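Notes follow once the structure below has been shown.
As written, the chains take the letters A, B and C, and residue 1 is the first residue of each chain.
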Amino acid sequence: MDSIIYLLSGIAEVLTPFNLMIVIIGSLLGTLVGVLPGLGPTSAIAILLPLTTILDPSQGIIMMAGIYYGAMYGGSTTAILMNIPGESSSVPATLDGYPLAKQGRGGAALGIAAIGSFIAGILGLIGLVLFAPILADQALKFGPPEYFVLMLMALLILFNISGYSFIKSLIMGAFGFLLSFVGIGLSSGVPRFEYGITVLSGGIEMISIIIGLFAVTEVLKGMEENRKRIKQEKIKKVFPTRQDMKDSKLPILRGSLLGFFLGILPGFSATITSFLSYDMEKKVSKHPEKFGNGAIEGVAGPESANNATSSGGFIPLLSLGIPSSPPLAVLLAAFMIYGLTPGPVLFEQHGEFVWTVIASMFIGNIILLVLNLPLVGLWAKLTEVPFGILGPVILMISILGAYSVRNSMFDCFVAILFGVLGYLFHKFNWPIIPLILCLVLGPKMETSFIQSLEISAGNLLIFVERPISLTLLIISAAVLVVSLILMKRTKKRIIQETGENQDLS
Amino acid sequence: MKLLLKCVHKSGAIVTILIGMLSVVEARKLYPYGMNLLTGDHAFPGLIGILLIIAGVFLLFSKGNSNDNQPLPKGKVKYSMIFTIIVLLLYCYVMEYVGYLISTFLAIICLMQLIGKYRLVFSAFTAALFTAGLYYLFIVLLKTPLPSGYFHF
Amino acid sequence: MRKYVRILFVNLLLISIFLVGCASTNSTNKNSAENYPDRQIELVVPFAAGGGVDLTARAVADYISKEWGQPIVVVNKTGGGGIVGAQYALKEAKADGYTVLMNNNSSTTMYEAGTTNPVLTTKDHKLAARVAESPLVYAVRADAPWDNLKDFSNWVKENPAELTWASVGPAGFSSFGVAEWLDYIGVDYKQTKMVSSEGASDSGAKVAGGHVILAVHNAGEVYSLVEAGKLKVLAVQGNERSPLYPDVPTTEELGFDGLTVKWWTGISLPKDTPDEIVRKWDKTIAKMQDDAEFINQLEKIFLQPAYLNATDFAEEVEAETDWYMTLGENTGIRK
């Protein structure tokens, strides 16, 4: 009950002109990066982190959250109009969205996608409001051993979904850990891996690594592909017909619920849930033969599911501090720059902040719906910005963004180096997602490990002796098995549908 | 071609093992600061190092997947990519001396020549526009203390 | 053909930029101390944005830029427990008064006392003035069986091995606070269990959840958790009650004499800075302590104004370093 009162005061806070502007800018920027090829939410959030220096914590996080869910909306636009899934979670949207666009009903498909995303987003947020505080309250009981077990299992599950060979994922994850070790050690206060170089004793800034691996690499890839303009289908009417709405009602609801409940658990990415939802709709449908040739249900279900999953992802992020996907990992880094540690104490110490951010997501979703339906045409136009201009601008923003996090030129060189490395990783099929997740979670995991053993005086049994920790181990093992099975299935489906191996994020 | 694939695969494995050893060496160096074998700042570097060595050895003796390697770009594309990286590195290096304005303007022109292949006049015009735009964003709005070089403006 | 012209052009451009970069014409920018400051000043904060030192620095920057009519930019250079930023401001930047450091115990006295080969010592600082302080408080879980520090000390004396306490860095504020207190009540520091934490909110959560028994921080850092009813404060260090916890007794009231560890933040300049510039900072900060807006700002971030002039500040820092050295040697904090 308290939650609703807090939420209302949060909404009041968001509705002040300046905050409202921040929400609008954030969601528009998000849609923009979702639409533009070569920029995803992960790199966009990373590049925009310097904003944190002028904005208050709540405004900064509001904007970045806006970019995150805005990008989910934007991704479906290119998927439907041009058959280019911006992210792997938009693959199902291309299956029926593009055929619909070819039939001249692209507008209706986009409309349904926007409405479905909106409803799913709102349902996911309601779940967030109900569950997060309860979880946060319980989470105080989670001590260092529990956190360690939780993160270890989350990582194992996430490795498994990256869609590459497990051994390569493991190596890249370990490499991410190593990068996070550079700098002053937590328990000894002695610099590690610094080899007498002063800059290194300050650690390697994870934001520069992320900017390098995502933004710089993406530009290099773009140069190689020599991106050409892609013919897109005309949009006629944006608003779906009454029949479309009637057909999509249930798929949206089913997709949202499925996406949300799986989204709470680490290891179920938006890609898994959107594929599951697509297949589920096909199974329940009375006309399964229509799927693949322009069935509106095939757009409504998966689009709702992936949005619900992304709202659901905020629950473990805010209440436990565990990100379930790369963009959320960068968002976690943003929290840390502000000196805010997501987790049980966040709700106690910065309650007003948390509720303002949650309220902003409600408003942001409404803004996206209101603005995006009429702006669909404009967004489609933007995809025509030539790469020759976009590329240099992305590179410059990346360099300056990397500089401004710590005001250090060293960080720019790191970003460039990782841009090149990222390109080579891409070429030789080494997955970068485990690297990013371990880079962000590495310090937290090491902290929990050291703390656990300091409490137990070096006894490893502490991880299985405590009831919560033991329960978590058992549950995680079960989840790991289920996600392994689902993952195999999703991978097979992607290969079936697109004929290639994709990063699942 | 097959040989090259094998080389890349093997060298990846060898680099992994080397990095793992580096980490183990560092862990040994840190060991005296820790409390016991598993508690302290040396524990994770040690564990991760061992993990890397084991994984690297595994990789060394496993067969590479032939899908794993896409051909690297050749010719013009290759050179323009290498030049792009060089421009970026020089940009960071030079900015400390000549300041943000000049270096950014020149860097954008170079990058537009390399990536977009526009006419020089158009590139210069766009570069001026974006230099001003980024100046406003990073220096005026974000108050980033970017180097101003020898010329104070 | 055009292709080659283009590549040639790019190369030429690159070379010319490079040459400009190398031709480091040391423009003689003689800023005599008399008309200081005549351009923007960088106030370096070696800690993350949003912390006590950072917020104080922002309040100082607001006031002084109005007073002097030149912009003062707060720059956060984090990492290495404050040493990276301090080194940048004191050793790498020019000693011309345009790069100034906002320091704190953990990057000065505690660092020096806790490290056998410190890369930065008090001798590298020219201390200008102390700006603000905050007392140390002892916090335990809200439903813990002890009502004040006395009961708690008695329990610790009987069960030293049971005590777990959260530190922030092995030679940080919490470690020296706990070491001094344990030394006073005669308990061996090495018998107790130190649990490393990432900062006040991390250690606060560990104590509130019952995983660690004691957290020692400055008064403002645990305030929100005490307000939320998750923690309680056993004592406030010193002889003056804290306005944040008017009902909590001080250590002096409870009969602990001579516990001195407290949190402070102040202004440092590189050691070769002209004296007039240091004096100018000192004078302006002295004046700032009477500014209602500044005091108000400090209250909002739960700190107390605590001006000390350059000489007194330097003396105090020296005394503190000596005392922490002794503590560090006795307890094994010094490594």
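In this section, a residue touches a chain if its C-beta (ideal position, glycine included) is under 8 Å from a C-beta of that chain, and two chains touch if they have at least 3 such contacts.
From a predicted model like this one, the values you see are computed outputs, not experimental measurements.
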item: Central subunit by CA centre of mass proxy; value: A
item: Most contacted chain pair (by C-beta pair count); value: A-B
item: Intercentroid distance (Cα basis), subunit C paired with subunit A, Å; value: 35
item: Interchain centroid distance [CA atoms averaged], subunit B/subunit C, Å; value: 34
item: Chain centre separation in whole Å, for subunit B relative to subunit A (CA means); value: 23
item: Residues of subunit C touching at least two other chains; value: 75, 335
item: Two or more partner chains touched - positions in subunit B; value: 33, 96, 117, 143, 145
item: Where subunit A touches two or more other chains at once, by residue number; value: 53, 186-188, 190, 407, 450, 454, 457
item: Residues of subunit C defined as touching subunit B within the complex; value: 3, 6-7, 9-10, 13-14, 17-18, 20-22, 24-25, 27, 29, 39, 42, 73, 75, 335
item: Residues of subunit B touching subunit A in the complex; value: 8, 12, 16, 19-20, 23, 26, 30, 33-41, 43-45, 48, 51-52, 55-56, 58-59, 62, 65, 67-70, 72-73, 77, 80-81, 84-85, 88-89, 91-92, 95-96, 104, 107-108, 111-112, 115-118, 126, 130, 134, 138, 141-147
item: Parts of subunit A lying in touch with subunit B, wherever the complex brings them together; value: 50-51, 53-54, 165, 167-168, 170-171, 174-175, 177-178, 181, 185-188, 190, 192-193, 216, 219-220, 223-224, 226, 386-389, 391-393, 395-397, 399-400, 403-404, 407, 409, 412-413, 416, 419-420, 427-430, 446, 449-450, 453-454, 457-458, 460, 501
item: Of all residues in subunit C, those that touch subunit A in their complex; value: 48-51, 75-81, 83-84, 87, 114-115, 119, 164, 169-172, 193-199, 201-202, 204-206, 208-212, 224-225, 228, 230, 335
item: Subunit A to subunit C touching residues, read off their complex; value: 52-53, 57, 140-144, 183-184, 186-191, 198-199, 201-203, 337-341, 343-346, 348-350, 406-408, 447, 450-451, 454-455, 457
